[in-house]
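Next come two complexes, and both contain chain A; in the first it sits with chain B, in the second with chain C.
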Partner chain A sequence: MDVLIQALNLVATWNVLLAVIAASIFGLFVGAIPGLTATMATAMLVPLTFFMEPVAAVGAMVACSAMAIFAGDIPGALLRIPGTPSSAAYVEDTYQLTQKGQAELGLGACVLFSAIGGLFGTLVLIFAAPSLAEFAMSFSSQEYFWMALLGLTCAVFMGSGSLERGFLSLLMGLTIGSVGLDNPAGVPRLTFGSTDMLGGIDFIPVMIGIFAISMVLRAAMNGGGEKEAVPKTVGNIFRHWGFMLKTYWRQMLRGNLTGTVIGILPGAGSDVAAYVSYAISRRFSRTPEKYETGHAEGVVEATSSNNASLSSAWVPALVFGIPGDTITAIVVGVLYVKGMNPGPTLFLFNPQTIYAVFLIFILANLIMIPLGWVLIKFAKNILRVSKSVLMPLILIFCIVGAFASNNSVYGVTIMLIFGIVGYLMEENDFPVAPCVLGIVIGPILEENLITTLIKFQGSLIDFINRPIALALFALSCLIWISIVYSWIRPRNEEVSE
Partner chain B sequence: MRFAKSLAAAVLLSTAAFPAMADFPDRPITLYVAWGAGGGTDAVARIIAVGLEKELGQPVNVVNRTGGSGVVGHSAMADAEPDGYTIGLATTEVNLMHWLGLTDLNYTVYTPLALMNVDPAGVQVAANSEFDNVNDLLQAIKDSPPGTFRATGSGQGSSWHVAIAGLLNDADIDPSKVTWVPSDGAASGLQELLSGGTHIVPSSLVEARGLIEAGRVKSLAYMSSERSKLFPDVPTLKEETGSDWQFGAWRGIVAPADLPDDVRDRLIAALDAVYQSEEYQEFMSSQGFGTRYLGGEEFGTFLETTDASFGETMKAIGLAK
Partner chain C sequence: MRFSDAALGLIFLVTGISLALYSYSLPSIPGQNYGAATFPLLISVGIIGCSARLLYTGIRQRGVPFVYLATEVKSVRAVLSVAATVLLIVFYIYFAGRLGFIPTASIIIFSMFLILKVHPVKALILTVIAAFACDFIFRTMLLVSLPIGIMPRLPW
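The block that comes next holds the complex of A and B.
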């Protein structure tokens, strides 16, 4: 208890509170701008933290990254441009909700469940960090291989629409993900001799292209003068909270748990967490056909998940100095500079500092609600703008975002190409989600496959000769069997008719 | 006469323009980094940028041009206008990637300005490993069939791979006896070490610091001429085995080739001051980064000799094309 009071004293100073609030506002803006990610926001804070007290420095980074991940949902809901990759999984739903005149439902879900997800991850971090870090460290490339395979399986086969088209879309994503030099063997693939292509096809411009440019193209094809059937505005975002909590508490808990587990394991971040949770949610939903058409259920689960993973990524970072995602990679460096060296001793010798950081986690996730409300209030004005003005503006935003992702025109080119690809895919009923997920998870899958093969000189039995790996393998098999079964059964019925 | 006058005026004007060059810089400077925001190189670049801003009185923007195992960013540093407004923080990969045949780009496309940091490699094993010193480990590798031991910590043919291969080569052990498992960085390599998937991580001590301090990983040797300030108990490789093999990952500021001399001198003077500054030294030592400074031509010589020595090792182990 003493420790907690000392920690409170550390947090309740003007310097710390000011740093947290300033960093929160900064994080909100960076997150809301497409192309700029939570990782970039945190990296930009690093030089400023040199001049801060340890608690203020780490607190600023906590607040900034949490806000950025949440704020990415806002342009997604209003303009169909995911602000950060973590919002891409459910952008279709939040955008469609806005189109139906129910923006407050989607945005309200994002605010509430982001905050709760962050708090859940924080509680796990506070109470179970050391033992969970041990668990995470026992994961080797075999386990990661099965995890990645499960992720891909979820996305494709639990998606909507035809299985064949989903599979083709996935193959396209995997091909795009394999471009470049950053593969285990370090061999240039599909680069056509270009230096830019050596760097591969960056995910952020692809995402902006597929989601936002394709929409601009569609508006242009329709002449831009579409009559608005529903007056679009954002109502009171708090209105549906009670209803959502009552209806979707299972989804929320499942999202929190999935996100926490994915966050703790080094290597996968909040974007993967959101996709996997969205897929799980659809699989177990009673109304899977409503997904991607403006349905809050999947949004709740995925947004609960990405913010939970953000907090729990700190578990291996604080206990072993091994970052759980790119954001904590930055934080680990700052911890050393501030003399808060990661390790089990952090919890033993100077517990008040680390508890102060935990308090800031809680604080940041709470002020997310009022700050998010203010930001949405400002941002919703954009819905009053007519389409013929809005679409060119979105195009400009997209170009800036794609350029910012790697500071080169190459990003803009990629974005435009994938805008056309995304448009053609949607016009022909190809789901884009498997393609996007293939780009994200494909490289992880490949790396762990090759690593395992090299480690055991090509012996396949070693993929399943550890308990966790075997369990994950069994789970994958079960899912595949159920898919094949459900695929064959309706055809048999057709035949018997 | 009139013509002569205007000619004189023109000459006067153009000479007057020269002192203006001495006013370099009069607009913001871009500092390229070939690696992502949040990594070690990015952190070093950002602290150098803060120092340079103070020295030069102009904003210095850190720009991450990532991808292609460093080729993309390092090409951008070389292809920029040689006017001093675009510089870059080059890394060890400059001396590695052309040997691998990934690019034609090598150190000669740059004007070397200042070496700012060197992080020597260590030989890390898990804390519960049966080996307590590097000699026993090397003997065991020698006596075991190929593939018994696995090492990891960076990509195929990138820094730490060369570090361990060079060490084995120098100890008259065929480097291919230790299987190299490519990983996308030291962090995932250390994770593999802890989960029992590999046996050796020849990364820098900084990267393994958290785990060494947590008592989960031990470092057996340090591939440098002097012991590490961070972990003075870790012996150097020379002390343990008598081997002269040294390997360090380095970072230094470069500009495109053909940089005007006055701009070059101005930048070197500023970098020298940044290196000497308390902020830089304090930041580097608290993070555990090794500091080493070589200005201008000395940095150039360093690039030339390390490039040749890496090339020799990479040829010996069959990595160089």
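The block that comes next holds the complex of A and C.
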């Protein structure tokens, strides 16, 4: 109880509340602009968090990402362009509802079930994370090694596109994470004689480059894009809440559960959660033929799911320091900068900070309703802002943000390089998420690999000499076998033809 | 800019082999068989394996050029716009220290507006507002040491 009061004291300060509200508005704005993702919003927020207290910094990121995921539903409903990839699964339904003059039904479902989903995921986070952390206290380097490897394997497996591209993206991330002095022998590695690179490649300019600069380059390539048609007006979004809660409570619960489980899985994010939940909803629906024609059922389940997964993705990030998706990968980077090194000891030594973060999760999901309502009211004006006007502003904001990461143009150089890399990766169908997770998880993987090798004098069998390590190894093997099988299968089919 | 599978396979194969050769030169932890080389060596094995597969699929896809532009961006303007955006960031890297933040940022923002076909008058107004707002937020409020250059110190 003392911890909770301390946490409340940490949250109930003007600094934190202002940071949360400002970050929420920023997240809503970015999420509502088609093409700007929640991850990009979080990456752009990072330079500002340097100047905040730890709780305010993490709180701002929590609020920003939750709002951006929800706000992505709005352009989907009004323009048929999902604001974030997580909203893409059910965009057809929300848009068709708008076309039928029932925009308030679709958007009302998005506001209500996003908030409930977020709260559900938060509850799981609050109850599961401390117990898991206690359990994780007994983990040794073997378990951490397999956890990290499993996270990376899932990141490749869950991603879209070809598996070899996913793997190469991951291996690129691992190589980037290997740069600098921070390696087992403590020697300069992959620094090419640069003193700036001795400290490793700064994560923040890399994120800004991969997520924001690549998008600016794409906008430059497309000439900024055309102005969107003015959306139709939206009625009272609260009108159908009672009816939806009564009719779709099963879908809501199922979406919450699916989203939470997918969020906890390392490597799978809210977009995967939304797609899986939409598919499940359709599979179990009595009226599957109505899907994609303007039917709220699938929307309820998928939107419940994507916000739930966002909160629960913090479970592996906080407990093991292994991020579940790209957003938590960025957050883990910020946690290190703020001295809140993620891992089970965080719960032991700094429980009040963690509970403060949990409280902000609840707060963010509650203020989503009034802020979401305001955003929908102003959606017409926000969606009219042309990308041609936004992109130059985003570019200069990114440059300053990357510069601020270490007060030198080295950050800007890194940002530019990774902006081009990110752009080329997307052009050539390389998923970006495995690369980002590789950068964050790589050092953890290497440290635990070398520790275990030295501890057991190179004996590989000792990597699975403990029950949990063995279970994690078996799970990883299952995924690898399915990957190898998918590589071999097409060749066999060709041979049989 | 898109690369064929064969081109990508070749690029990554060279990268993987270079990484492996480089890693061999890294020392171990004194008294141990493992060290700075272990992890990058494992990474290079992975890169070589995946690139070999890409190369294999690439060689079987006949008629795909090594490098090509996607059909929707096959205009000179599109390519020049991307090149100009990259050059604007390079301009910041080399000139921000000498010119100062506000002049450099103004040039970048205004050029970017013109690249994206925003009306010059609107672009000029937005450029001035954005450059000064960014300077105020980051230098004054967040105490980032943005380069001053030729600019006189502002009163705020």
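Everything below uses one rule, namely that the second predicted complex is superposed on the first by the 275 of 497 C-alpha atoms of A that agree within 3 Å, B and C clash if a C-alpha of one lies under 4 Å from a C-alpha of the other, contacts with A are read in each partner's own complex, and residues count from 1 in each chain.
Note that in this section contacts are C-beta pairs under 8 Å (C-beta built on N, C-alpha and C of every residue); 3 or more make two chains touch, one makes a residue touch a chain.
None of the values given here were measured: they were computed from a predicted structure.
When both complexes are overlaid on chain A, the residue A:I454 reaches chain B and chain C alike.
By the document's definition of touching, of the two partners only chain B reaches A:V332; chain C does not.
In the overlay built on the shared chain, the residue A:F403 is in contact with chain C alone; chain B does not reach it. By the touch criterion defined above, A:F320 reaches chain B but does not reach chain C.
Contacts of A:A68 after superposition: neither chain B nor chain C is touched.
Look at A:L168: by the touch rule set out above, it reaches chain C but stays clear of chain B.
In the superposition on chain A, A:E427 makes contact with chain C only, not with chain B. After overlaying the two complexes on the shared chain, residue contacts for A:M137 are found with chain B alone; chain C is out of touch. When both complexes are overlaid on chain A, the residue A:M221 reaches chain C alone and has no touch with chain B. Comparing the two complexes, residues 50, 184-186, 407, 450, 454 of chain A contact chain B in one case and chain C in the other.
Contact residues on chain A toward chain B in their complex (touch as defined above): 39-40, 42-44, 46-47, 50, 137-142, 180-182, 184-186, 188, 195-196, 198-200, 202, 266-267, 319-323, 326-327, 329-330, 332-333, 336-339, 341-345, 406-408, 447, 450-451, 454-455, 457. Taken together, the chain C residues at the contact with chain A in this complex read 1-3, 8, 12, 19, 22, 26-29, 32-36, 38-40, 43, 46-47, 50-51, 53-54, 70, 72-73, 77-79, 81-82, 84-86, 88-90, 92-93, 96-97, 101, 105, 108-110, 112-113, 115-118, 126-127, 130-131, 134, 138, 142-146. Residues 36-40, 42-43, 46-47, 49-50, 63-69, 71-72, 75-76, 100, 102-103, 147, 150, 155-158, 179-184, 187-188, 190-192, 194-198, 209-211, 213-214, 216, 279, 283, 286-288 of chain B are the ones that touch chain A when the two sit in their complex. Within the complex, the chain A residues that touch chain C are 48, 50-51, 164-165, 167-168, 171, 174-175, 178, 183-187, 189-190, 213, 216-217, 219-224, 386-389, 391-393, 395-397, 399-400, 403-404, 407, 409, 412-413, 415-416, 419-420, 423-424, 427-428, 442, 445-446, 449-450, 453-454, 458, 487.
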